[in-house]
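Scrolling down, you'll hit the structures one after another.
In what follows, chain A forms one complex with chain B and a second complex with chain C.
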Partner chain A sequence: MAEYIATIGLEIHAHIKTASKMFDGCAAAYAGAEPNTFVSVVSLGLPGSLPVVNQRAVELAARSGLALNCTVNERSVFSRKSYPYPDLPKGYQISQYDEPLCSDGWVEIRTAAGEVRRIGIERLHIEEDTGRLVHAADDSSLIDYNRSGVPLMEIVSRPDLRTPEEARLYFEKIRQLLVWIDVNSGNLEDGALRCDANVSVRPAGQERYGAKVEVKNINSFRFVERAVAYEIQRQIRVLDGGGVVEQETRGWDELRGETVGQRTKEFAHDYRYFPEPDIPPLVLSAAWIAERRAELPELPDARRARFEAVYGLSAQDADLLTSERPIADYYEAAVAAAQAVGGSAKDVANWVLNEGFRLLKERGESAAQLAERMPPAHVATLIELVARGSINRGVARQLFEESFNSGAEPGRLVAERGLTQISDSDALVAVAREVIAANPKVVAEYRGGKVTAIQFLVGQMMRATRGQANPQVARALLEAELGSL
Partner chain B sequence: MALSSQEVAHVARLARLRLSAEELERMRSQLSNILDYIAMLQEVNVDGVPPTAQVTDLVTVMRPDEVTTGLTREQALANAPDQREGMFRVKPVFDA
Partner chain C sequence: MTERYPTTVAAASAALAAGELSSAELTEAYLSRIEAVEPTVRAFLTITAERALERARRADATRRADSSPLHGVPLAIKDVICTNGVPTTCGSAILEGFVPPYDATVVERLEAAGAVSLGKLNCDEFAMGSSTETSAYHITRNPWDPERVPGGSSGGSAAVVAAGMAPASLGTDTGGSIRQPAALCGVSGLKPTYGRVSRYGLVAFGSSLDQIGPFAWTAADLALILGVIAGHDPRDGTSAPIPVPDYRAALTGEIRGLRVGVPREYFVEGMEPGVEAATREAIAALKDLGADVVEVSLPHTKYALPTYYIIAPAEASANLARYDGVRYGPREPGETMWDEIELTRGRRFGAEVRRRIMLGTYALSAGYYDAYYKRAQQVRTLIKRDFEEAFAQVDVLATPTSPTVAFKIGQKLDDPLAMYLTDVCTLPINLAGMPSLVVPCGFSEGLPVGLQLIGRPFAEETLLRTGDAYQRATDWHTRRPAL
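Showing the complex of A and B:
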């Protein structure tokens, strides 16, 4: 069996977060609305209607291009792309063709094996989304135009991806960036972000690319990995069998776990682009582009590197704490508060990653809710209480959870409940004696040489004091008592 | 410039027109005449003139991202020849 090389490129479609549609003031927030209630003369393509470009959409698309290391072109042009299906009622889609808004960018992905790969981005252009077609039981189609005209960016990668894993990582990276810079909701279930994968396979050593197959309608990270993996194997099977891979469009069928050839769209590729006569070219000044650049926040890769360098975090922790911008912002706010009371950045990382992430996950809540649930100042208070010896770590963990649930200030909980750690030997010695008296078997084991048995007794003391005993003091007292008997 | 019958058939299909053989031949002749007439433009020397799709000289016409009132569903569907459940009803469409 010959060795093969796979070549993969992704085309990602992302809604642009605007209030109104791309070419008129019709509201864009159609999700969940009754069919055809978010429509206008422009989104229905009625004769005589005039499309006018949404300035915010251009700003956000340019911001996206800059975040993807693209050049924002000072001149770009809208074009009509012929489209024969009724989900766009004009008979064409307004898009950009030979002069897109942004060109020539890249992003970096890191594979599980630790390899960093730079993936080229050919272009980012603006277009409009189509309406939604519903297939009716009587074999007719019903059309809802609410989505028609919603602003979209299409981000086209270069064919630099080599494996299904890389395709997934690249898609995830684009999502992370677009959500980070607040241009897209990142919601794959709603179709706010989706992708098509171009996959070709060629024998190792062959220069020329194999026939390109486009796999459409991929709306999850898992699916992109599975669909690309399936398609690579399918093409290899065809080639190994002496066959020829057809250039075609296939769809990903999640239920069957395979790509399925789609009936070829008649003249699907006869797009007959021509410049949109209703929309003058976009000419953007260098100053305008510089303003867009100035709007960019520190991006995830830079922030991750800074977290490692400044806070001494491991690459893995820094990665987790920069997965989403609200998490990174939260972490830094908590570090500032903790450092003011003598806590360390590492302590904060541990609290956020262990307790914070666990509780969010248990409650199925998003990262954005962490700051609301557990204000950064509360984390700092807990760290301070532990450092002062007022409470032990076990109590601190309970308080974190309580504070997270109720919003109560941890210092107040300690005062109200009398949870202050008991480090006073006089107060604890009686407890130690009781525990020893109540557990003769364990005591015998300890005396018989099983030194670890003392842990059980420490645990009993913690229980008897509702977690308030200072564990080090408790252990020392037990050892002293057991030694003196 | 004479068009071939295949070219006319292709254009007719893109326009979703069904032409009889006789209509096809008539269109071929008429379209060829129109193209010949337009071809006179080719005599103009355009060396050094950049192509344009615009005659207004306007650039960068944009509007603020503000929501305006659209159409009601009743208005939207008023001209629809066929509708169901608040949607436009059409012949079945493969793969959207």
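Showing the complex of A and C:
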């Protein structure tokens, strides 16, 4: 069997989070609405209607381009892309063609093997979404135009991806960035983010790319990996069998886990692009673009690097803490609060990553809810209480969970419940003696040279004090008592 | 004909303002006139008599000292302009029964000014034609000779004024569709600068060329209407954010020192001698009024027709893609969804519309785009530059409007090229986006001839001043057909 090289490029479609549609004031937040209730003269493409560019959508698309290291072009042009389909009410889609809003960008991805790869982005352009055809049980079709005219960006990668894993990582990276800069909801389930993959395969050593197959209808990270993997193997099977891979459009069938042929080259649409005469070329000044750049928040890669350098976090922890912007913001707010009371950034990282993430996961909640559940000041208080020796870590963990659940201030919980750590030897010595008296067998083992047996006795002391005993003091007392027996 | 009611907007406006008659009375008078001559002329597709009377009474009730000059004045609207609640068919069977749920911006502005719409006017299907014969509903006859066409595509809009059924109307002009019928019907018509009047609610034919404009007897009336309908519209991205001047104030009657250019390329081969004579006489009249007349050249004029017949159909092919019977309009039954769409489009578009959709689709197709559409856009730039260079020397260009007077019904219908050639003097102006005014300037073989004046972008004031000065010195605009 010959060796093959796969070449993969992704076209990602992302809704732009605006209040109104791309070309008129029609409200865009149609999710869950009755069909055809978020429509207007313009989004229905009624005779005589005209498109007017949504300036907010342009701002957000430009912001996206800048986040993807693209050049934002001072001049770009809207074009008509013609194809007949009933979900496209004008018979053409307003898109951008030879002069897109943004071009020539890149993002970096890190593979599981630790390799960092820079993936080129050819272009980012603005367009309008189509309506949706709903196929009814009686074989008829209904059309819902709620989605028609919703602002959309298409982000086209260069064919720099080599593996299904890289395709997934790239798609995830784009999602992370778009959500981070508040341009897209990141919801793949409702179609706010979707992707098509271009896949070709060629024998190792061959310069020329193999025939390109476009796989459409991919709506999850798992599916992009599976669809690309399936398609690579399918093409290799064709080539190994002496066949020719046909340039075509295939759809991903998630139920069968395979790609299915949809349209071959001969039946490809001629989109007959031409400049949209209803919309003058979009001209943006250098100053306007600079304003968009100034609005850009610190991006995840930069923030991760800073977390490592400034807070001394491991690459893995820094990565987790910058996966989403609310987490990173939360973390830094907690660090600031903790540092004010003598806590360390690493302590905060441990609390957030261990307790915070665990609790969020258990409750199936999003990162954005962490700050609400457990205000950064509460984390700082816990760290302070532990540092002062007021409570031990075990109690602190319990308090974290309680505070997370109820919103109660940890310091108040400590005071109310008398949970303050007992470090006073006089108060604990009686407990130590009771524990020794109640566990003759373990005491005997300890005396017989099994030094670790003392852990059990410390545990018994903690239990007897409802966790309040200072474990170091408890251990010292036990050793002293056992030695003095 | 002798009228017992004012036939111009200015006269109607003055009579209404003076309380000499009410808008209801005036509207009744026009509805009576419609009843009398519409069976001959057939300018209308929809007559909204009751609605008009109701609006007229409301206008009477709301009249104030500072009311718009159009307050209570009846007029009529070409059927390619959307009217909320009133059928808008574009003269096409594919939009039979279509009732828009919204008003075009121009309709909104006219209604806000208190104007009273009498109904919707016939035109060539989707404004594609020069004779109003491609309307799917009926032909409209020239009030000067019912055996002849009124011109097109805004034939209904020109005929309704010429026949005295309305003092003014709105039409649209993509390649001459206001100016050519104005000339052929002996009335005045203005195609404003591209971007001067909002296209929102105008059913698109050639989006980069279409412009709405008024018809009336006089340039002064056109000024009144333009003042109401012009101006920036945030719903039309191609409408210009340029303030609207007081067009009436521009009508000084004074054109001494005005530099008038006469482009030699517009006196084309095959032009009727009577047309050329009337045109040259009108130019001489401008000179008598103190204008400096010079000959100029617009060397790329001969490319305008082929350029236009690539760009306009290309845009139309996309603009008309939405008519598939799925969302509105009648639907031809068929086996599958695609069958229904094909049958609806195949049966309900007329021959000329289908021809232009095919032309445009071809010009935009992969492999042909560069040779046709892109090339045409390059030539369009050259044509525009011709005008810019001419306007470096002169203020206004004066030309014939149509090489011929109104032709016989049916004469050119089966010869598309002959029909296209009737617009040879008007198409270049749309390609360049310039404003252009046509005023009646005489007769040839008993039929009206129009003088075309072309101005710099947004220099409608200069055009209207020139046309008005000419009409103060001549009486062609007072001639009425013996209908």
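Here is the rule we use: the second predicted complex is superposed on the first by the 479 of 485 C-alpha atoms of A that agree within 3 Å, B and C clash if a C-alpha of one lies under 4 Å from a C-alpha of the other, contacts with A are read in each partner's own complex, and residues count from 1 in each chain.
One rule holds for everything that comes next: contacts are C-beta pairs under 8 Å (C-beta built on N, C-alpha and C of every residue); 3 or more make two chains touch, one makes a residue touch a chain.
Every value quoted in this text rests on a predicted model; they were computed, and no experiment measured them.
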Quiz item: Which partner, chain B or chain C, touches the larger number of chain A residues?
Solution: B
Exercise. Considering only touches as defined above, state whether A:Ala27 meets chain B (first), chain C (second), both or neither.
Key: first
Quiz item: Who does A:Lys90 touch here: chain B (first), chain C (second), both, or neither?
Solution: second
Quiz item: Looking at the overlay, does A:Glu99 come into contact with chain B only (first), chain C only (second), both, or neither?
Solution: neither
Self-check item: Touched partner set for A:Pro47, first chain B, second chain C, both or neither
Solution: second
Exercise. Check the residue A:Arg80 against both partner chains and state whether it touches chain B (first), chain C (second), both, or neither.
Key: second
Quiz item: Does the superposition put A:Pro35 against chain B (first), chain C (second), both, or neither?
Solution: first
Quiz item: For A:Asp270, is the partner it touches chain B (first), chain C (second), both, or none of the two (neither)?
Solution: both
Quiz item: Which residues would you name on chain A as touching chain B in one complex and chain C in the other?
Solution: 24, 41, 44, 52-53, 82, 84, 86, 141, 143, 270, 272, 274, 277, 279-280
Quiz prompt | Of chain A, residues touching chain C in the complex | solution = 24, 41, 44-53, 80, 82, 84, 86, 89-92, 141, 143, 270, 272-274, 277-280
Exercise. Please give the residue numbers of chain A that touch chain B in the complex, ascending.
Key: 18-20, 24-27, 34-41, 43-44, 52-58, 77, 82, 84-87, 130, 132-136, 139-145, 251, 262-263, 265-267, 270, 272, 274-277, 279-284
Self-check item: Complex interface listing, chain C residues touching chain A
Solution: 81-82, 88, 90, 95, 98, 100-102, 104, 199-204, 206-208, 234-238, 314-315, 317-318, 320-322, 324, 326-328, 337, 341, 361, 364-366, 369, 373
Quiz prompt | Residues of chain B defined as touching chain A within the complex | solution = 13-14, 16, 53-54, 56, 58-68, 70-73, 76-77, 84-96
